[in-house]
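Both of the next two complexes hold chain A, though its partner changes from chain B to chain C.
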Partner chain A sequence: MGLSLSRRLPVYLALVAASLLAACGRPPAPPAPEKVVPLSEQAEVVPGPPGQAGALFVTTQPGDINTLNPLISEDGPSTAAISRFMEGLTRLDPESGAIIPNLARAWSISEDGLSYTFDLREGLAWSDGEPFTAADVVFTWEEALYSKEVDAAGQPVVDEKTGRPKLKFPSRPAFFHLVEGEQVRAEALGEYRVRFTLPQRYAPFLLFAGGQDILPRHILKPHVDKGTLLDAWSINTGIKNPRELVGMGAFLLESYRPGERIVFRRNPNYWKRDSAGNRLPYVERIITRIVGDSNASNVAFARGLTDAESIQADNVTWISRAAERFDFDIHDLGPSSSTSFVWFNLQPGNNPEGRPYLPEHKRRWFSDRRFRQAVSYATNRQGIVDGVFAGRASPLHGYVSPKNANWFNPDVRRYPYDLDRARDLLAEAGFVRRGDRLQDSAGNPVEFSLMTNNNSNLRTEMATVFAEDMAALGIRVELQFIDFNTIIRRTSESFDYEACLLGLGGGAPDPYSSKDILMSDGRLHFWSPSQTSPQTKWEARIDELMRQVGRELDETKRRAAFFEVQDILAEEQPMIFLVTANEYVGVRRRWQNVQPKPLGGVFWNFESFWARPE
Partner chain B sequence: MKSLLLEVYRRPLGRASLFVLIALYLGALFAGFLATQPVNSQDLAHTYHPPTPIVWHDGGLAVPDYRVVDKSGPRYERTGEYHRLRLLAPGFEYRLLGLLPLQRHLVQPVDPSAKVYLLGSDSTGRCVFSRLVYGSRVSLLIGLVGITITLFLGLLVGGLSGYFGGRIDFFAMRGVEFLMAIPSLYLLLALRSVLAPRFNSDQMFVVIVIILSLIGWAGAARVLRGMSLSLRRRQFVLAAESMGQSPLRILRLHILPNLASYLLVAATLSIPGYILGEAALSFLGLGIAEPASSWGLMLSQAQNIKIFMLNFWWLLTPGVAMFVTVIAFNLLGDVLRDIVDPRMKTQ
Partner chain C sequence: MLAFLLRRLLTLVPLLLGVTLLAFLLMWLAPGDFLTPMKMQRDIPADLIQQLEADFGLNRPWYVQYGYWLGNVLQLNLGYSWSFKVPVSDLIGSRLFSTFLLSLTSTLFAWVVAIPLGVLAAIYKDSIFDRVSSFLAYAALSIPEFFLALLAVWFAAVTGWFPVGGATSIEYDYLSAGGQFVDRLYHLILPTLVLGIGGVAGLMRVMRANFLDTIRAEYVQTARAKGVPEGVVMFKHVLRNALNPLISAFGFSFSGLLSGALIVEIVMNYPGLGNLIYQALLREDQFVVLASIMLSCVMLVLGNLVADLCLAWSDPRIRLENQE
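Moving on, here comes the complex of A and B:
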């Protein structure tokens, strides 16, 4: 045995060596030479002093990506990664919020408001050098979004529920772009002109359709034909074949290691140039390290490991202490678009077991406008700002955050902290104070439970402050800190709750995106969702105004209607708004051309960021 | 019993831990008297206030006055002014031992608007010291109540099955094994989240004690069964049996007294488990909920990164309190074991 082993040993060694050689001996296939198309005449010229190309930009990102396919991406990390290499026809002005040209250089709207014609920039190329034309836009709409499912006989399959043809690729953008359930038609009128035809007038079309990422026909057409479009561009594509991810964005994916890092390289065919005629972007590579949570991400920035970071309001103070040592600035972008609010359960009727969703006397309190107004007067918003947010937030009085200046109604009724007004309103509504407790006219002590999600320390602190504010009125609030999914179930399915404190993130640029929240038949109409017909007169009025906001094309009329919606909400207080946290972004000082704007944030002009290579 | 206490008192370690525990429990009992502020009174203008030391100033006790220098920190500095303190002075109303309405407190500022934060304030400007003494009620009581239930059940099941043996023993022990096979942390989490919507925070306290002790009694039953099994074969038990004494009388007069020393040691040594169990549950957000206060809850509210980075160390004092309590119980348990079982002497 020993002999045979020693005799075989050289053979083993040779085998091992051969496999090793095979492993290193197969050099990676030399990358196909990159096709770079010269800058088009119609390339966008970015004003400002020219910079120097070649720097590395390092960031961290809490949480890994789940997909690189814009049709199915839902989470923040995936959407952020996709937005690096995909672009739409229009974008928003970082200052005014107006819709400005992006891939389209101009557009016109027909008299009747039913057809939109876009003129594309001519001579642009995808990141792999293939030309960008109207065919890509039509492909995105007609084939990627609106392909119909066909059966064996070639007949479109009809969805039983809606009675409409079933989509081959049922994706969120496809449903999002339906106009009252109907599809929009796109057709090419020449190489660089596209016409969209709408089934009816729809005011936010320009904004919503302009923001849709345009997909490369030459890459994704085979996936459409095979029916695998929704499986294309998965994270496996990112790992094994990043060159397949072709886009019009400033960067393209170079490599991706799950749970470790994402590396983006500059797009050599990008369609913007600086004032000196150099092609943008200046940044050569973006290296994004994937970390566990936003705390870890904040700590990495505070230790000087990354170039930029968005910072939670209550972390600003300690991070700013390292500003001199690691040479960074923290930009205060003012109120963010996120809001926080309390609402009472106003769901009428009984649960499946035949009992009312909440006791009759409590429903009577909650549906009394004076009670809600009294609660609003007794809420110490400035106290929350000072105490919970250490001054890094702003009191919120209405549905729209002041950040969204275009749609923010500054004259809504306000409810400053005023316990006397609150007590007067309660007395008027028939409540009486007995000892240190408040009672209604029937003698029931006033108390309710308030729930919020347990993983947000800012929200639980706001809830404790709110409970203490109510105690000053003699109202007992029992706090329930439970997990987010339970809250969603209880507020949207079982309606087994009394009051809830939650928040809404990123305010949409168009008020019509709020229709699910504000209209009485909306699924997110928090206080009483999916009503078959409006319960109250004021909800009916809001419905009417929101329909106007959806149909009306004239900006001033839309604004007037939406301002009235905000007035009604402020008067009725179905949602008692608390505060909006301020937004902070830290950037290392070596970066030039950083021009933060309240609306556009810090990274609206990321393609012109530059730094001297370290 | 008296001699046992005397024995404990004679040993320095025993004496020290006894004193610490008595002080802690007295503090919990008279929390309202010790507290300087009501447990939930917020002051949003004084969040994260640093601890105010008690100093001798101008011929009397006083605390220095602070003002906010940087609201966003928040950062405070002394103004150089002092607020005079009075001992046994009237303050907010509370109920002594839950019954007697009283207003006297150990320390109160002469000027009622002056801020006395013996251990600083938390994120909504509540006094950490007052919350700590109120919270000690939950954290300290939970151990006593829990161990009572555990030992009662353990003694009942273990003692009886050891004494009677046979089929009773078989079924009781299989039941115990079944309980021991359940992964307790998961059971706790599941029970807690199922029960959460049905109970408010005061009732939740009771629920948690019951959950913790219902899981914990199996181990004690195992040991007690072994001990009563061996006592059962001892001559004095056999003698009592042959004299025709009833099983209950034998259990009460002959077996129980022989188990007492073990029970005492086991109780003292397992109380810390309950204190830490409550802390773990509250830390996971599943234990005592606002606006009640407990050490575990206070610690869980201090797990924010900002608190470490800005060095708000006083928010971690519940951890220190827990550490002291657990050490004191363990030391006392060791001393007790040395006394009742000299052969196992460790020193």
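Moving on, here comes the complex of A and C:
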């Protein structure tokens, strides 16, 4: 070996060793004494046989968190992490979907529907032992969400466009909770009572506001005063100072290593107990490893490395082969709340260059209801279920997935696969078959392009099956698999497209959360968004019904209105619904108290999960 | 010497301007921006998107946005990540160490293995060892890194001998300092091999060729003629002279120290800068992208500078002061 090299080698090795050692921190300091407040009288009692505390729960998560601040969280991983330590006033019953008590034990609504009074559970404590009171709720709404921007003279700044005061911390929840652009007021009526006053009747308020995470005033107030609320609780907090992340959730953040893992520890001050009087949760620690994508995450579970995993429909078959070896069950939760659909561009008018958005004859086809219905009849939904999802999906006939049982209208008009009816409808609308091609009455061959985003295998495969189905009618479909951002621009700005296949996630389980999709002035009214006045009678009727859904407090009347919306959509077929993937969750069998529910999924009672330590 | 250093550092200015301008322009030309995905979410009101557009300056012409960014950079403020809501410098800082460590071990691995192999191949030219090592080197050079990384992940998953991704084990925080050291090393083995193997092959070929060139030089013949022992000739005369071009190669490898591991990090799920930059690119989180591009640019220039300085140090014929 060379002289010079052999002289340098130890230096190199020392360098590596030194940098490695520098990375090895001290073992974590023994946790500072914690303030543990005795269980309140009003603690929630979770029924069922008591379990054994102390187990370790290991999971993986595709993708790293971006933030731990519930006001700015956008992505799935961040939201999942935040939901471990944050809770709202109410939650949803895992079986019926009804709104049930959470941090609030009861509530009442005034006669006029404008004021909501919540009674909080008394004697609860934040994870650091500080008392949880109405002041926290009022802080969350009045200060965290709706602090006003003030100028140098202390005067509120007014937004030029809307004419309303500008928010100091513009956040997604703040805008989300506005009622027709107006703020909801919150005030404390005593230590454990809060009253919300609405500017007008707003039916989804209870659901939406009940789901709002309540923020700890004693921690975040300084950030509000300094104007740094949206920068608070960043990943830096998680890395350097996890104890600042104080919540009412069952767990609290113990440590976070970017790109590697998140560790949660049980909240010693949690406010639920089991039937024997033991404080929940049973799980002592949750270790979540961060992996590259959901496939890597699925693989980790299939190799027995993790305790539970949400499994994609197309991965179920091969993962289930390892079920006996690693001792897990895969729970089939049935249809998910996500939907997939095709729609045609119905945007009227011309683009800025003065040309129509799409050729006149194509607009004529697309705006003919019979054409859309024929396409729907010719769509082989079961073929998509079998061919794309290997049977692990359900055909979708209307706007609402059957999962959302409360709002699902089972009697909408259906379009079972029926080429004869499709051909009849096309003939009625003046289309003629010449050879293997379909032509309209003017002799134009019927063909259109269908775009979908190129980074979703399931969507590109669905589009391919759809195109083959159309070929059976003599319609030629040109497939375009393109970048998602381009699709958004084409469907919402340039309207330079003919048909598009996309999907929607669940969204909040209230029909009013669909108002931007279903109402004609909505930003996401896919086939022709942001209309100044409804183009068609049926769209006008949907607008009217949706306004009713927004204002009517009576559940039965709301449901009737929303059922009619679904009927109109099924009749008119502006969106041709395809399928909804089924949901699968795998859990190791050593976990006890696992009670999957179609609505609540597997983890609705995670605080009751327990296992004998391995 | 000082003038040379200054001149080199000054060339950085137009280079950085050009590179960031190009990156900015490309991001602006790409469809959509950071806020576009929000437009497809039903519970985000249009008002919020408009306000964020104004706050982020996305509604202004690109050159105005670039100007603002440049102004901030001149004040040593690299900006703010839109998706993480933390300063870019913090974000990169938190991931820098892992990437740096991996680059260091893989460079070290490449050099320590390649130089002796190259020397041996040259000394025993045309022997069976030379043939086999050449063959393996060409094979290693022709396998793309990402494929090797995939193979490594598969190997780790099938045998269970190595961890599948990550830089530390779950129990890392509860280990002693020695245990933590070993744990880190254990996680570094596979990524180091994958990242280093291409380097081994390349360096070894260069080393062999240089060594052969130098063996034929006249002063080597002179040394032999005057009776210097063969070992001394080889290591004292030939090796020292043959190493010079490798020092320039070191400069280049320095530039890749932070960015070179990008693909391997993503495939092997190693928590370094690579994943961060990749995600930032996908999401068009502008300032993170720009900062990381600047970082690799600076590293490239610094790497070349260091290589030149090393050359001057190892070869007395080179005088930096006289360079024009």
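The rule is simple: the second predicted complex is superposed on the first by the 582 of 614 C-alpha atoms of A that agree within 3 Å, B and C clash if a C-alpha of one lies under 4 Å from a C-alpha of the other, contacts with A are read in each partner's own complex, and residues count from 1 in each chain.
We take it that a contact is a pair of C-beta atoms (placed from the backbone, for glycine too) under 8 Å apart; a residue touches a chain by one contact, two chains touch by 3 or more.
All values derive from a computational prediction rather than experimental measurement.
Of the two partners, chain B and chain C, it is C that touches more residues of chain A. Look at A:257: by the touch rule set out above, it reaches chain C but stays clear of chain B.
Within the superposed three-chain model, A:69 lies in touch with chain C and out of touch with chain B [touch as defined at top]. When the two structures are aligned on the shared chain, A:556 is found in touch with neither chain B nor chain C. Using the contact criterion defined above for the overlaid structures, shared-chain residue A:533 touches neither chain B nor chain C, since it reaches no partner.
When both complexes are overlaid on chain A, the residue A:479 reaches chain B alone and has no touch with chain C.
Of the two partner chains placed by the overlay, only chain B lies in contact with A:386; chain C stays clear of it.
By the document's definition of touching, both partners, chain B and chain C, reach A:299.
On chain A, the patch touched by chain B and the patch touched by chain C overlap at residues 299, 483. Contact residues on chain C toward chain A in their complex (touch as defined above): 30-33, 36-40, 42-48, 50-52, 55, 83-86, 90-91, 94-95, 97-98, 100-101, 104-105, 108, 112, 115-116, 119, 157, 164-168, 170, 173-177, 180-181, 184-185, 235-236, 239-240, 243, 266-267, 269-272, 275-276, 279. Residues 40-42, 44-45, 47, 70-74, 123-125, 193, 196-197, 200-201, 285, 289-291, 301, 304-306, 309-310 of chain B are the ones touching chain A in the complex. Within the complex formed with chain C, the chain A residues making contact are 1-5, 9, 12-13, 15-17, 19-21, 23-28, 58, 63-64, 66-67, 69, 72, 74-75, 159, 161-162, 170-172, 175-176, 178, 181, 230-231, 234-236, 239, 255, 257-261, 263, 287, 289-292, 296, 299-300, 303, 483-486, 488-489, 492, 502, 504, 507-508, 513-514, 516-517, 523-524. The touching residues of chain A, when paired with chain B in their complex, are 295, 298-299, 302, 314-318, 380, 383-384, 386-388, 390-392, 449, 454-455, 457, 460-461, 463-465, 467-468, 471, 478-483, 496.
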